[in-house]
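A quick write-up on the structure given underneath.
Letters A, B, C and D mark the chains as written, and numbering starts fresh at 1 in each.
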């Protein structure tokens, strides 16, 4: 493997990692606070992609400026967070916080199944493709290979902004601090009078919106097809578990690890490509059972 | 002292963050002599029990039981050597009845996996019923343990430990959570049961009346170390103890 | 005989007789029984408070063993397939189990998922060995050396599966009631105390894990020979989720519930797919939500409540044949 | 209640099966159709279902088959193989359908073929492409009413060699499942036989349904093969072509896309001119021989009105299956002296049957495989369409490009020599002519 291929694999890996991170970070945020592994997160991702692609298709066909594709990403994220995330947390998840892990997970699994069909009823089964955002930014030639600026530059920058933004939000704003307090010690936080209901709702909306945002970002680079959520969710699980549950920076590092692992596999051993995320997860957890960034908690007796 | 040394620690050292939980702890526990551990909260009493049973690993030092080094063994291995433990918060099997809790313990002791025998039909059943009678809980044998009052839960927790027929029993505040009017009753029951089973006990205790009546020896803990050791009479009259320990407790 | 005991017996008799009046149902019922066995594996782990989202792995391992045997020996022998398939699942169960019993809850679930997805990917990727995503045909095996026609084979499979399920259900029930079965349950309630009894929680869980892997393996072989084809989909995470789904539907922790759940699930799924082809997933999703939110003790729990009402009792009685199959909640 | 009904149905079934021959004319002719109504492959299933409904409606308006109206029952292949098999049995044993059309997925065809044989029900493999089924087994009840992977791939190789004889290197990006693997095995075997000096520079089999080909595209750009083959379809093909054209891969390499006819309209301008597109037969809404035919254009318009899209190859496949059914029954009725035929008589009538769907005539060979001519073309931009259409079309003779009866495709292809290229009959068509 020469230097050129090495560099190419790096670029590909980073662009891919940026997308994976966007979805995984929402999942880990939700887990940190609600202690629920949300299977429906994959649906939020898919619906975000569908929303961006279908609205984009409509407004660009009507002759609006293609630059609207960028604000549209946020609109799609907000729609997913508020219209889907909000009601699901309020009407459904709120009723199951007291139940066992397995039941909670199954509830989100049920939501996932329902949303899969909702997607098909709303958007049909034909693939959507809406790459205006990507085309607006154009291409870039690196080492004789054309990359889209969207994937090579825009996506990684957005991922870094989201990472820094989340850090600032969690550490500098009141809502963020409340979320962090609940993540670190739920009992104490609620005992101190933090309105856990509000924190849960806010977290879930933000988490869902991040998944929707990830989907909207991805929609410019891929066909939006039925079933795209199912694959993404398993990948995000792997990222979240490898990183350590609830670890936001960890999710970034792991996403990068998995993204690079995958692209190097394509160059070196294509057969291993799909196995990479799981192999990384197994290896990490063998050595660090709590995940890369997870902390050991000893029970007080 | 002529009695054989059951458990011996040398130079135990551990700290959590800035808190010193054990600082050069050297303790000997002798067969047949019940040891009470007293001392203020945070002195490292529970940590001592945790280290002796392998739940917490010390940074330095060693623990020997019957001459065998057990410092870095797991609670499971140490239990199998004959050290049982009762907890400050009763550690019970919440979905099982009192009798079932004991039957599980007895099956564990006898390595009775018996995949096709009902738990209720194991041969240790009579022995466990007797044990429940001994701790005065026979009347709640069939009740789920999470429905029982704290006092009975503590007794069942201790009974579980006794069911293992240990050589040494470590008890963390056996009478906490028990109404003060019942404490002596509980301890009477316990002492009888311990004597019958010929078990040496170590118990952490805050009630000096209990210590005075039931301990053969007392060790005073403070700042992660044993400050004094002696008979209850010697210790409870010691001015430092009166000031630092009893004073706090009264 | 009490009503509480009579109804399950009547239902069992109905299931046994249904194929004689509705032949097409025979295969659906055999599949339901095969899944019921796998669900029973999930139920065993639920007793330890652990949920695996990767048990389809063991289902797939034995199913592929059956397919390979059939391919290697031009049809093969049913009994060999069942034995070797289950053994292979146990072997893989031991290997995976040694690793995953160190983890609990979400990690346990996710690691199982990861391992099963690795197997899934291998099945898909190594096309020249496994037939890739199209899977492998499972030749119809002979039974004790006797070659079989389709009709006879299917009938034999169905009644064989029925007898097998009853025997296995009894065995698992006894296991869960035994000392080691109760120790498994203590992993859910107080693992620390279990260790302080001198028992290895990991080893106890490993035993439960092996039982569950074996059960899934048994179900997998049965499924493979019934379907006549195996695909990587057998190992997919959605399939594992389905097993957990059925376990909850039947009544989490209930041995009888595993089979009741599997039967009801297959019927609902078949009819949802037939009469609401566009929205069958949604139908199942709402069905699952309804069960979790309004009847979290599952179908067996509902049945218990119904019987209580019929017998005019308001409090759950301690006895009863059905009752003893449920864990203490 | 349900059990009672079923019991009654079964009793009737027993009676009728005793008199399987010379049956009375039924109230309706029931067929079961499996198609993907969910999942990625529903891009084929949904149009086919719409087409089936339209065609059955119009057939029934003209008196159905032999005066008996057709009634179709649909099964979702997207629900999984297990569910398909259960439904298949239910339709055959409970609903008592007269024929099954199964299926789109080759995997499902593999599953239902032996089952159909066991259940003794007439089964048309109406869309699946695997060439293996009739090469590895022989069946009485199972027929394929269209071509299979071998003629599809061989004609693609021929078209490529005729239009671009000087290319040196090729790479492949196929979906990682049987179709992707088998079609590459066929294509590469044929290519090596016909042009032995070609270099295969990369073989990629990304996961089915993969959302991102960036890495593969980077590698392909670094390797710069003359030709890139992809037999992918649906969302995978769309994604690959779009990402390839966005990053300029379509400028440096010629794409060969044997299934792209079904993606043309969706791809729009993303598929630039100059790339090779196949139609899995002669399935094309601007079929050079049919586009002047008013029935054909009327159907295309009606289909567009109903679904909002031009008909794609599964629609043609569906028309072939329905037309085969009609042909078989009519032939059997004639053979039966005008009386309604028994099931076995209909199966007998399938031998050597010729029928015509929306495209050219298809004939069933003695191994139950349909023989169909193959149409390919090169993309151009054309007025009136905001997506690429085909030009420089070639129609290959089905008889010549289909594996001879009794031969195994891969072996047969291996025996071909470069002369084969000059021996095949080709008809040429231009867009607009």
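Simple rule for what comes next: contacts are C-beta pairs under 8 Å (C-beta built on N, C-alpha and C of every residue); 3 or more make two chains touch, one makes a residue touch a chain.
Predicted model only: the values in this text are computed from it and were never measured.
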{"item": "Centroid comparison with subunit D (C-alpha atoms), farthest chain", "value": "B"}
{"item": "Central subunit by CA centre of mass proxy", "value": "C"}
{"item": "Subunit A-subunit D separation of Cα centroids, rounded to whole Å", "value": "38"}
{"item": "Where subunit B and subunit C are represented by their mean Cα positions, the distance between them in whole Å", "value": "43"}
{"item": "Distance from the mean Cα position of subunit C to that of subunit A, given in whole angstrom", "value": "32"}
{"item": "Overlap residues in subunit B, where contacts from two or more other chains coincide", "value": "55, 91"}
{"item": "Touching two or more other chains - residue numbers and ranges from subunit D", "value": "37-38, 205, 207"}
{"item": "Sequence positions of subunit C contacting 2 or more other chains", "value": "124-125, 192, 278, 280-281"}
{"item": "Sites on subunit A touched by subunit D in the complex", "value": "4-5, 8-9, 11-13, 15-16, 19, 117, 120, 124-127, 129, 131, 134-135, 139, 143-148, 151, 218, 221-228, 231, 262-263, 266-267, 270, 273-274"}
{"item": "In the complex, subunit B residues that touch subunit C", "value": "53, 55, 74-77, 79-80, 84-85, 91-96, 100, 103-105, 107-109, 112-119, 122, 144, 160-161, 164"}
{"item": "Subunit C contact footprint on subunit A (complex, rising order)", "value": "31, 37, 39, 92, 95-96, 99-103, 105-107, 109-114, 116-118, 120-121, 230, 234, 237-238, 241, 245, 271, 274-275, 278-279, 281-282, 285-286, 289, 299, 301"}
{"item": "Complex interface listing, subunit D residues touching subunit A", "value": "37-40, 42-43, 45-46, 204-207, 209, 211-212, 214-216, 218-219, 221-222, 234-236, 238-239, 242-243, 246-249, 266, 270, 309"}
{"item": "Partner subunit A, residues of subunit C touching it in the complex", "value": "46, 49, 51, 53, 99, 102-103, 105-107, 109-111, 113-115, 117-118, 121-122, 124-126, 192, 237-238, 241, 244-245, 248, 252, 278-282, 284-286, 288-289, 292-293, 296"}
